[in-house]
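Lettered A, B, C and D in written order, each chain numbered from 1.
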Amino acid sequence: MTQSREISLSVPVLARVEGEGALDLEVHGGHIETLRLRIFEPPRLFEKFLEGREYQEVPDMVARICGICPVAYQMSAVQAIEGIFGLAPDPWVRAMRRVFYCGEWIQSHSLHIHLLAAPDFLGYGSVAEMARAHPDTVRRGLALQALGNEIIRLFGGRSVHPVGARVGGFHRAPSRAEVAALQEQVGAALPGAEALVAWTASLNLPNDAQDFVSVALRHPDEYPMNEGRIVSSGGLDIPISDYEAHFVEHQEPHSTALYASLEGRPYLVGPLARLNLNLDRLHTPVREALGRTGIAFPSRNMFHSIVARAAEIHHALLEVTRLLEDYSAPEAPFAPATPRSGTGHGCTEAPRGLLWHRYDLDAAGQVRHARIVPPTSQNQARIEADLRRSLETLGLERDDEALRQQAEMVIRNYDPCISCATHFLTVRVGRR
Amino acid sequence: MAEPGFLPRPRFRHLLAALTAAGYRCLGPKVRDGAIVYEELDSADDLPRGVHDHQQPGAYRLQRDDSPRCFAWANGPQALKPLLFAPREILWTSAAGSDGAIAFHPQMPEALPTAVIGVRACDLAALRLQDQHFLEGPFPDPHYGVRRGNLFLVAVHCTHPAATCFCASTGDGPRAESGFDLALAELDEGFIVTAGSPKGEVLFGQLLLEALDPAQQATADGEIAAAAQAQQRTLPSRNLRDSLFANLHHPRWDDVAQRCLSCANCSSVCPTCFCHAEMEEPALDGSHSAHYRQWDSCFTEGHSYIHGIVIRADTRLRYRQWLTHKLGSWHDQYGRSGCVGCGRCIAWCPVGIDITEEAAAVCGGDHA
Amino acid sequence: MAAAKARLAVHKFSSCDGCQLAFLNLGEDLLRLAELVEIVHFAEAGPVDPEAPVDIAFVEGSISTPEDEERIRQIRKNSRWLITIGACATAGGLQALRNLADGPGWIAEIYAQPGYIHSLATSTPIAAHVPVDLELWGCPVNGRQVLGAVRALLFGVVPALEQDKVCLECKRHQAVCVLVAKGLPCMGPVTLAGCGALCPRFGRDCYACYGPAENPNAAALGRRLEGLGLVPEAVARRFLFINNGAPDFAEAGRHWQEQAHDPEP
Amino acid sequence: MLDPYLPDEVEVLERIQESPTIFTLRLAFTDPEIQARYRFQPGQFNMVYLYGVGEVPISIVSDPEDEHLIDHTIRAVGRVTQGLALLGKGARLGLRGPYGRGWPLQLAEGRDIVLLTGGLGCAPVVSVIHYILRRRERFGRLTILQGVKHTDDLIWRAQYEAWSRLPDVQVGLAADVGGPGWFGQVGPVTVLFDRVHIDPGALMMMCGPEPMMRAAVQELRRRGVAEEDLWLSMERSMHCAIGHCGHCQMGGNFVCRNGPVFPYPEIQALLGERGF
C-alpha cells in the first residue's frame, strides 16, 4: 500500500550546493503537505553593515556576500554608485569589466557543471569519484575553471574577493604582455569549451518540460551581462530602476532568504532564462554549437540549464577574445569620482542570474540605505514549485533515498548559491 | 684609463645600442606607479626626461617639467639590491624517491648579462658592502655571484639630492668615485663619459665620443659640489659604534618604539641590509620540495625566533637592533658603517622616522 | 603495512563560501588531495558526514546561531586538528560588525517577521567557543597556505604560518609603496602577510583582509592615517572592516570612534 | 662556485631514545666518499634538513675521530625537531656542515677542565666529555657540573653516576627545585662551586641558558679564573649557518661563523643584554 505510505523525509545537509540548506518534505496520504527549502545561512545583515560606509568601501564589502560570484556583486554595486555620481564608464573600462565578469561566469559555470552537477547525471558522489572514470572530462572542466579564475586574477589579483575593481573603473590596468599571455590561453581553451556544449547535451538529462517565466537582462547588441533592461518571457520590459514596482520580496517562516515574486508568481533567473531570452545575442559559433546538440532553445526543460551554462562558457571565451583584441592599457584605468547624493540602481547578470542593487548615498558619498536582491532568493519559489512537481512525477511512493536524490538533483540544477541568498539548505522528509 | 669624453644627448641611444650589441639587457630608470624604478629600457625614450622627485620623511612624489635631463632626480625606492640579492629565490630543490631516498638539486639563476644605467654613488657604496657580505667571506654565495659577475654598471653622478639624502655625510657621494664600468655626468646638452674598468673601457671605445670642453667639466663638477652642499641631513659621526653601544638603555629607544610600525620597510629599501629567511615549500603530494630564501628583517618576529623564545619581541628591541647594527656593529663586521646615506629608509618609512634624527638623539653629545 | 589515510572534513558556518573555494579552486591539486586523504565531509564537494571523526577539520565561517554553538562543540570533539580558515572563522568576519551595533534591531529592519529568524546577536570566531589548533587568516585564505597546512600535517609536523607584515611582502614584490608615493591610507604596516601584497601591487591601499600581524602598532598607524587627512571616523572604519572582531583592530577602532565623538581638546 | 647551501643525503643508522623528548640520531652520508672526507671539531654543528620541512642547527656529539658516523642528540621542541623525532633507522635526511668554531681543545690539553651545563642535557658539552674520556691522559682533572630546573629534567642520570666513579672526575648536580630521591644539591648551579674544587688555572667550557652562564662567569671570575679561560657556547636563530642570513647576529658577531663557541671576552659586552 505504498500509495498511502506516510512520508517524512529530511535531507539535513544538501551536498554539492554552495552554502548550506535543507529540505523538509511532509507527505500525507500520498500528497505533499509541506515542502520547504530551508535556507539557514544565518542572516549576515549586509544591507545594514553598508549604512554609514563610504562609497569606496562598498565594492570590497559586497564582494563578501558571496565567494563564488564576488565580481557580480562588485559590478552591480559600482553601476549603481556611478549612476548616482553621473559617471559613465569609458569604453575601456566598460570592455574590461565585461572581460572580468566573463572570468566569473567561466569559473562559476565550470565549477557547477563539473564539481556539482555532472556527478548527478553520471552517478557519482563527487568529482573525485567521477575523475577516476572520466579523467579527461574532469581535467578539461578544471582547466576551464582555472582559466576563469585566471581572468579574474588579471584584473583583481585573486579570484575570490578580487581587489582590482573600484568605482570609476579598475585600480590597475593589466599590461599588454599579460593580456597577450591570457589571450593565448583563451584561444587554447576554445575548442574544449565548444566540445563541452556537446558533452553536456549528451548527458542523460531528465526530460522534464515545464511551464515557467524566464527573467533576464536584455541589451541592444550584447549577450546580457553588465547592463540592460529587465525583460521576461511574459512580455515584461522595464528599466532596472522599475524593478521594485514589479518584483516583490516576502518572507517565509522557514527560511532566512526572502522570496521574490513577479506579479505574485515564481519566476526563473539564471543561465537558462538568459539563454531563452537572448539566443539572438550569442556569438555565432555558440549558436551553431547549440544547434548541433539537437535541443530546441528556448527550452522548457529545466535540466537544460547545464547546457546553457556550457554555452555561456563558450560565449564568454569568445567575448573575452573579442574584447581583448588590439588591447592597450589606458592612461588611467579609472575615472575619478565626485560624490553627490542620490539613489542609484545596479543590475547585472551574475552567473546565477539577475543581481539587483539599490543605494541611497548622502552628499559625502556615504551609504544611507542599501537593498540587495540576489538571484537565489529570486529562484527560491521557483525551486520549490519545481520540486513539488518533480517529486510527484517521480512518485511519492519511492523510498526516501530516491526522493532525496531526486530532490537534490532538482535543487542543484538551479545552482542555488545559499551564501548569496545571504542565507541557506538540509532535506528533511516527514511521512505520516 | 682614457680621458673623459663627451656624448651629445641625441647620441645617448648609441650607449644603449652598444650595450645591447655587447649582449646586455639594459635596465634603467623609468616611471612606474609614481616612482622611479629600474626596469628594462626599450629605448632612450623610456627615460624619465624632465622628471624630478620630492622626498620627505614618509613621502615621495614626482613632478615633471620641460628640462631635457633624464637623471635629474635622487634615488627611487630601490637600489641595485633586488637585482643581485633577489627578494625571493629558490636555493635548491629536493625530491623523495619511493624508497625514501632524497635527491638534492641546485637551482642556479640564469646568467643574464645586465647593464644598469643611472646607478648612484650611494648605491655603488652599498654594492661594495653587499659584495663583501655575500662574496668575500669563506662561503661565497653563488646565486649572488652569478648575477654580480654579469653586471655592467653605468653610474650617474648625483646633481639633484633629495631632502632625505645625506651621502656627503657618510662619505659615499654624490660623485661616483669607483666601482662602476662607466660613469656619466649629465649636462643639459649631453653627458661626460668616464670609463672605470677594463670592461667599461672597451665600451667607452665604441661610443665615438667627442672631445670634452673644460668648461663642461667645470659645470659638471660645480653641480656635483653643489649637490653635496645642498644636503640637509647628516649623521653625528661616521663611526657611532661605541656611542650606540654605550647607550643601549637610552630613553629614546622607547620613544621611537611608540612611533615605529615595525613594518620592515626601512630594512627592505636599505641597499645594504642583507638579512633573509630560508623556508621550505613542499609539493602537496610530497614528491618534491623547494627550499627558498626571501628577504627578512630584524623588524620581524621570525628574525630572532629560537624554539619558543623571541629574542626581540618588541619594537624597542627591534629598532635598537636595526640602528646598532647599521651604524654600530657593521664596523666590526665590514670595517665601516652599514649606512651609505641614501636616505631611503627615511622617505619610505610610512611614518617618516628619520635615522639621522634617531641616531643623533640616542648618541646625544657623546660621539666623537 | 599501509598507514590509513588521514581523514579530512570541511565544515561551514556563517560565511560567503569563499574560503572553501580555496579547495574547489585547486584544480588538479583537488584530485590529488582526494587521493592523499579521505575527504569524509565537505558538503559543497559532495561527501556529507558531518559527525564523522576526522584527523583534520577545516572550519569556515563564524558562529551566529545557537545551533552553531552546539555544532562546533561536536566538531571539536570529533577532530584531532581543528583549523579555522578565513576571517569569519578566525575573527568573526565582516558580519561581526553586528557585534558593535544593534543586531536584533537590524534583523527587524530587514525581515518583516524577525521572529522567524533564530540568530544570536553576535557573530563570533570559532576560538571564542572551542579551542582551535591553527588559525589561517585571510579573506579569503589562500590555497597555498591551506595546502601547506595539510602537507605539514601529513608529514607529521606543525604547519608553519606566515608572520610577516604586508609591507615586507610588498617590498619583496617590489611594489611601490602607495602610502608613501600616493598618500593612500594603507593598512599594510599592521596587517599579516599571506595575500602576496595584492592591493599595493594593484596600486591601492591594503584594507587589512588578512587581519592583524604580530606586534602591530595600530596607534602609530592610526595617527599616520589621520595625518594623511582621514577624519577620526574614517580612521576607525579602516580598522573596523573585514577583521573588525580581531582584538587589536577592535580596540583601535573603538579608540578612533571615541575620538570622533569626543575629540581631545 | 660550490653551492654552500646544498645539503647532502645522510641515512639514520640508529636511533636512541634518551628521554621522553630527547633522542640521538646516528647518521652517515649515503655517499661513502663524502663520509670519508667529513671532519669536524667538538662543539661544531651541522644543519640538519628534514625533508619538506626545514633545516635546523644541531651540534655534533660523536667523536671526531670516528670516521663512520655522526651523532646528533636532539630535543623535540618545534616543527623540525618534532618531525625528526618521528624518524627511525633507515630514514634519509639532508646534512651540511660542519660549521663554526668548536671548543678550544688544543688549549685545554694538559689542564684541568670544568664543564658547566644548564637546562636539559646540553649536547655540545657531552661531546667534549666523550672526547676527553677517550683521551684521558692528555687532560688534567675533569669536573662536570650540571644544573637543572627540576630534578625530573635530568637526563643521562646513569651516565652522570658512571662518570662520577671514574678516577680524576668530579660530578656535581644541582636542581633549582629539589624532589624526592634527589641526590644532588638544591639551588642554582653556582652552589656547586663550593662543593667541588676548582683550580683557578682550569679551562671552563659552558653551555646553557644565558642568565645561568652569566652568573657562573661572575662567580668564576671572583674565584680567580681568567676571562680568556671561560668559553661559552651560544645559541641564536640560524637559517644559513654561513654568516649570510643575519639571524644569528649578536652585536658584531655572527654566532654561526664566529661561534657558536666564544671565549668570554669576545661576547662579554652583550652577554645577558636583552635583545641581542
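Keep this in mind: a residue touches a chain if its C-beta (ideal position, glycine included) is under 8 Å from a C-beta of that chain, and two chains touch if they have at least 3 such contacts.
The structure presented is a predicted model; accordingly, all values stated were derived computationally and were not measured.
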item	value
Labels of chains that are neighbours to chain B and to chain D	C
Farthest chain relative to chain D (centres taken as mean CA coordinates)	A
C-D or B-C - the one linked by more C-beta pairs in contact	B-C
Chain whose Cα mean lies nearest the overall Cα mean	C
Euclidean distance of C-alpha centroids - chain A vs chain B, Å	50
Inter-centroid spacing, chain C versus chain B (mean Cα positions, whole Å)	37
Between chain C and chain D, centroid-to-centroid distance (C-alpha), Å	43
Chain A and chain C, separation of their C-alpha mean positions in angstrom	25
Chain C residues counted as touching two or more neighbouring chains	35, 151, 155, 160, 203
Residue list for chain B, restricted to those that touch at least two other chains	279-280, 282, 286, 296
Sites on chain A at which at least two other chains make contact	none
Pairwise touch network: line, ring, star, complete, or other	other
Pairs of chains satisfying the touch condition	A-C, B-C, B-D, C-D
Partner chain C, residues of chain A touching it in the complex	13-20, 40-49, 53-54, 57, 60-61, 64-68, 70, 107, 111, 115-116, 119, 125-129, 131, 138-139, 142-143, 145-146, 149, 156-161, 163-164, 166, 171-172, 250-254, 256, 258, 417, 419
Contact footprint of chain C on chain B as seen in their complex	32-35, 37, 58-61, 77-78, 82, 87-88, 258-265, 268-269, 279-286, 294-297, 299-302, 313-315, 347-351
Footprint of chain A on chain C - complex, ascending	12-22, 24-25, 27-28, 30-31, 34-35, 39, 43-48, 50, 64-65, 67-68, 93-95, 97-98, 101, 103, 106-107, 109-113, 116-117, 119, 123, 139-140, 142, 195-196, 198-199, 201-204, 207, 209, 234, 237, 241-242
Complex contacts: residues of chain C adjacent to chain D	151-152, 155-158, 160
Touch list for chain D against partner chain C, complex	50-54, 78-80, 82-83, 86
